[in-house]
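Got a structure here, written out as structure tokens. Questions coming.
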Amino acid sequence: MRVLRFAVVALMALGCATACEERPKTQESETTQGTGAATGAIAASGETGPADANTILIGEVGSLTGPEATFGVSTRNGIDLAIQQENAAGGVKGKKLKVRVYDDQSKPEEAANAVTRLISQDRVAVILGEVASSNSLAMAPKAQAAQTPMITPSSTNEKVTQVGDYIFRVCFIDAFQGYAMAKFAHDTLKVKTAAILKDQKSDYSLGLTKVFNTKFTEFGGKIVTIEAYSKGDTDFRAQLTAIKSAKPEALYIPGYYTDIGVIARQARELGIKTILLGGDGWESPTLTELGGSALDGSYYTNHYSPEDPSPHVQQFIAEYRKVYGAVPDSLAALGYDAARVAVDAMRRAKDLTGPSIRDAIAQTKAFPGVAGTISIDENRNAVKPAVVLKVEDGKTKFVTTVSP
Amino acid sequence: MESVAAPRFSGVPGWLRGPLPILLSLPILALAQWATAQAPFLVYIASIVGVNVILAVSLNIVNGMTGQFSIGHAGFMAVGAYIAGKFSLETKDVYLPFMQSVAASDQLMFVFALLLGGAVAAVFGFLVGLPSLRLKGDYLAIVTLGFGEIIRVIVQNTEMFGRALGLSGIPQRSSIFMVMFWVFLTILAARRIASSAHGRSLLAIREDEIAAEAMGVNTTAYKVRAFVISAFFAGVAGGLFAHFVGIINPGSFTFVKSMEIVVMIVAGGLGSTTGSIVAAVFLTLLPEALRSIFTQLGGGDQTLAQRVDQIRMPIYGMLLVALMLLRPQGLFGTKEIWDVAPKWLSRRRKGMR
Amino acid sequence: MNLVPGEPLLHAKSVSIQFGGLRALTDFNLEIHKGDLKGLIGPNGAGKTTAFNVLTGVYRPTSGDVFVSGNRINGRKPHQINRLGVARTFQNIRLFKELTAIDNVKVACLSESYSVVRRETLDRLERGTSALWFTNALHALNNYVDWWRALLLTPGFLREEAEVTKKAEGLLETMGLLHRRDEEARNLPYGEQRRLEIARALATNPKVLLLDEPAAGMNTREKADLMVLIRELREKFSLGILVIEHDMKLVMGICEHITVLDHGETIAAGGPAEVRTNPKVIEAYLGESFAAAHAAAAGSGA
Amino acid sequence: MNDLIQHLINGLAAGTIYALVALGYTMVYGVLKLINFAHGDVMMVGVYMGYATAGHLGREHQSTFLGATLVFLLSMAGCGLLGFLIERLAYRPLRDKSRLTSLITAIGISFTLSYGFQLDIGFLPGASPRAFPEIIKPHEWIVIGDHDVIIWNWQVISFLIAILLMLGLQILVFRTRFGRAMRAVSFDHRIAALMGIPVDRVIAFTFMLGSALAAGAGILYAIKDTAVQPLMGLYVGLKAFVAAVIGGIGHVPGAVAGAILLGLTEEFVVGYAGDVLRGLGAVLHLDSLGVGFTGSSWRDAVAFGFLIIVLLVRPEGIFGRVTAEKV
């Protein structure tokens, strides 16, 4: 009796899961709208599984909801724009492109779940995503095992592409960004001493801290103190007071924009007048709303600047604005680049199998991305310059480019 | 109890009665493993469900059977995940020569990693259980929460555990067989403890601590032991989790995760093992199901489907309030499913709980 | 009334307890031997239940000592004292409400299962050593091994469970509750709940049984039955029994020795006749206004 | 030295906010024996109400005396109403059930509020933080040295408001008829009801008072830390609870003392524990494990570590009284 009961329970659990498999959940991104009525109909019916013979499916995983939704949504916008343009330009090998996107709520386990779904249910040709390195790290082994190439638009942790030879990225790595800011601070700003305020909840922040620390010291500067906070804190005065007493000439805060504004205000309140420096996590339209005038005169490194005069960048900005009514941020630019690198590789690949596309991506050289020219190196990382932006009167201004 | 039910098993020799369910489960699990070999997504979902069932059933030992209120279960899960994950990372390339194949050796190492993770979590369970010697009810709840947070902060500040990034590249050795086997073991353990002298003492503590103490039940020791066994299985669940997700970081084991488990056992009925199982399965699959329903209904408009997970948390909150107001005992109260099921399902089982 | 020579089973030696400034019990003395049936009476708030709580280890005495079979038990936990052979019931019934009648009794049988170190050995060790952590560890060892026995359903475990069930059923039968075997405790009528509490207490194999107002809320007939039952229990389980009771008739009827408390102080002790006529008792216990009436009633009863 | 002064100011400022929130906890616990887990989230809602009010007033009106007062009063009134509704709908029906039931309900309400406010449907604000308007125009009040220590006008004003609110509460509880009723209910609400005290009304009013206090605390908090976000209540709430327990829950001055103690402890841990930890680490060779020695990264653990130690050593808190359970 007892045995039977357990068996029933086990079967019930299995049955539920199977039922779930039969009704899979999809989120179609309507990138083919207006270009292909047939694919549009498929998308609308919520059907899943491999695409028909005339479409190529591209998988995307991003955080579309939750606290980090802005990153995911920007990236998706960039990808959608790229795919629309590529479809208008005739698609790949006579086929239309379609993106299937799943939300991972910024959780590794959900990212792994989503990528498994993309590979085994949807049988996508290429995977794009994620923004956060920890989520990309959850996805990468699955993609690697299934021999499906994966390009992350903006995961900067070096470990991501080390997972295997199917994992690529179109952004620079933490090490370079930290180096770029250290170099800029030392060479251009002529700063001799600096303090660091890191976000201990974010691997990204810790990575930048490490590199900035070593590089700045190598250049002959001195790191006077390192303090930490946790993403979501609202009172940074204790750390800032400690920093103030160390009297640095510059304060490097490699965190996310959500905290930067508050930190800047409290720093000014305590009478800290040093230059504030940051990384690409600062990039957001709300940065200056939160920070106000406290941020004036700060610098941060970024992937691209909307002020870049190159015609293809300006064209991208114009088109993006037409569709989404806003100036693209760097995440949108990177999403756009990632999608275009993938499409370019598929065009060059001899067929659309994973290994062929992988080889084609690996051979990408001097690709004109909107966020810098992209060459994939032997470690499957993009080699490209970083830009330095300055905050002035609630706006960001392009200052200089730092090359590797 | 068992002895009362004995006549039904009269054909089974005594020594076989203990391991029989486990032996019977093996071919079923092997069948499940074979059937799902080509469906990694199904395996993934089933694994998540399985881990949640283990967590709910194990938390129910403390919260439901013993009547203590722990809201830091994710902390134990984290300990198990980190210890098992770290062990597997360090011994990735170790091959046990006496095993026949690399795969078999890996599986044995995996089992060992799980046991290690569970054991260390159990030690933490012991440490967290100690305050329950002096604290009751809501105070204990806050302390368990605090312990969970402290474990998170420690992990976050330790290089060995990868700090904020966590551990990545954990070998993916988990399988549906392994997950379901542990689910099965957890449920079996919970049920068998419940129907032993041990379990009766726990229930007695839940019902009336002072009376239990006066009847010779060493309440403090039993409470600590309930924490220990509960933490052990939470640790195993964490270990399983680490081996199918492949990356763990402190963000996966927050207060929110603890609360999800609490919602499960409260919805299922504190003290009801089957209730916990049903609620864990249902609440894990619900967002997935909602997502597909919204997709079907919404047609091209995907916003609702995308918002499922965002809406889930406030709905959990309201569910808790509504449950407490309308049915504070949860789905099954302290009963098991066969106690409340219609008569045709259970012809006996009075006094069996 | 020391009918049985030798060491008392339960011995309180000038026990006092103080809560903040309140002296709840002052210089309390009591001896219970095998076969004793003693009563503890006093008006509300006299400290009767406090005395029980001190004897069973719920409270620690501020001064004085309590001995169980010669062991000083000050500061020991209630469950340890229970294992030494003192069981009790509660004034406000404290059954395990959601458990069935038989499970209530089986909980108390738990001390039967001793898998690694035998109970006698443990008892001897506990008596002989002050290193309680050592015996505690042995208890824990027993219990952890018990888990595994329960998990694996070892034959020994099954046999023990069967024995426990049998014992519990036997106790239910003694207390006339066997027909309620699988009823949840909270669903039993009041009188039966009281009897179930006694059954539960008996399941711990006590040498001394402390009954806290066992007749409260019972009708006359039930009370009469209870008196018979208490006497029977004493014979059958060779117990020493201490009863707190409000009902004078019941106390006077069954107890051979009565201690009277008022404001925590022992104002009288002795046989029923002795106590009944003690003017201090009549005044304190019943108040002056009732003194006359009571005297009359007592007179007519005699 | 200037450092020390600055840390003291910071710690006091944080402690004052904890104190105001802790008072609400302690009051509700006092009358209901319920840990109102949702208290911090009620505070968060209050801050959003203030944010909305200030937004409606516009830039030129919000920082006038009248405007700021209006922001305070409206959000306090709004939160009072919210507290009333929560008590009436969620807690009152459960008053005679087990305490666990109420605790779970409280957690449920906390979840509903903090995650509900992360949605951006309808009037809900969404997850991203907003800058709280400067309803008190900041200017430097006292400057020590070359801007080594700056005390701002709003810091002083916040502190004064907090002290006033606490004094008012103390007077209310110990000098008024209503306070006497509250204390009676706290002692035993069943007996209080028998004595003719309108228990329902007293409890409802206590809840409203606690919630309004939380709203006031929240606004001060938002002025101090300049940003509003839906999860802000969770941690402040927890820490305030810790403060209340440290001081002895149900004890008004105890809550204030506990809160200030906690605020200062956290501040000094961030300020100075790094050096201590580094020293300890060198002695114990912890660096081989790679344990971090930045004092500030341990701040979140401090409150809970403190709580656990207090509960283990003196479960009734510093000022609390031991209560024996009746058998």
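The first chain written gets the first letter, and so on, giving A, B, C and D; residue counts start at 1 in each chain.
Here is the rule we go by: a residue touches a chain if its C-beta (ideal position, glycine included) is under 8 Å from a C-beta of that chain, and two chains touch if they have at least 3 such contacts.
Note that the coordinates shown come from a computational prediction; the quantities given were computed from them, not determined experimentally.
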item: Pieces of the assembly after leaving out chain A, positions unchanged; value: one piece
item: More contacts between chains, A-B or B-D; value: A-B
item: Nearest-to-centre chain - CA centroid comparison; value: B
item: Chain separated most widely from chain D, comparing mean CA positions; value: C
item: Averaged-CA centre spacing for the pair chain D and chain C, given as whole angstrom; value: 48
item: Length of the line joining the C-alpha centres of chain B and chain D, rounded to whole Å; value: 34
item: CA centroid of chain A to CA centroid of chain D, Å; value: 37
item: Multi-chain contact residues (two or more partners), chain A; value: 66, 200
item: For chain C, residues that touch 2 or more chains besides their own; value: 58, 90
item: Multi-partner residues of chain B (at least 2 other chains); value: 156-157, 163, 188, 210, 307, 310
item: Complex contacts: residues of chain A adjacent to chain D; value: 66-67, 69-70, 200, 226-230, 232, 234-235, 237-239, 241-242, 244-245, 258, 261-262, 265-266, 269-271, 273, 286, 289-290, 292
item: In the complex, chain B residues that touch chain D; value: 69, 71, 131, 134-135, 137-139, 141-143, 145-147, 149-150, 153-154, 156-160, 163, 210, 255, 259, 262, 266, 307, 310-311, 313-314, 316-321, 323-325, 328
item: Chain B residues within the chain C interface of the complex; value: 1-4, 6, 14-15, 17-19, 188-189, 192-193, 195-201, 203-204, 207-208, 210-222, 225, 229, 334, 350-351, 353
item: Of all residues in chain B, those that touch chain A in their complex; value: 5, 8, 20-21, 24-25, 28, 32, 39-42, 44-46, 48-50, 53, 156-157, 162-166, 168-169, 172, 180, 183-184, 187-188, 191, 241, 244-252, 274, 277, 281-282, 285, 288-289, 291-292, 295-296, 299-300, 302, 305-307, 309-310, 338
item: Footprint of chain B on chain A - complex, ascending; value: 1-3, 5-7, 9-10, 12-14, 16-18, 20-21, 23-30, 43-44, 46, 64-66, 103, 105-110, 112-113, 116-117, 119-121, 133-134, 137-138, 141-142, 145, 157, 159, 163, 199-203, 205-206
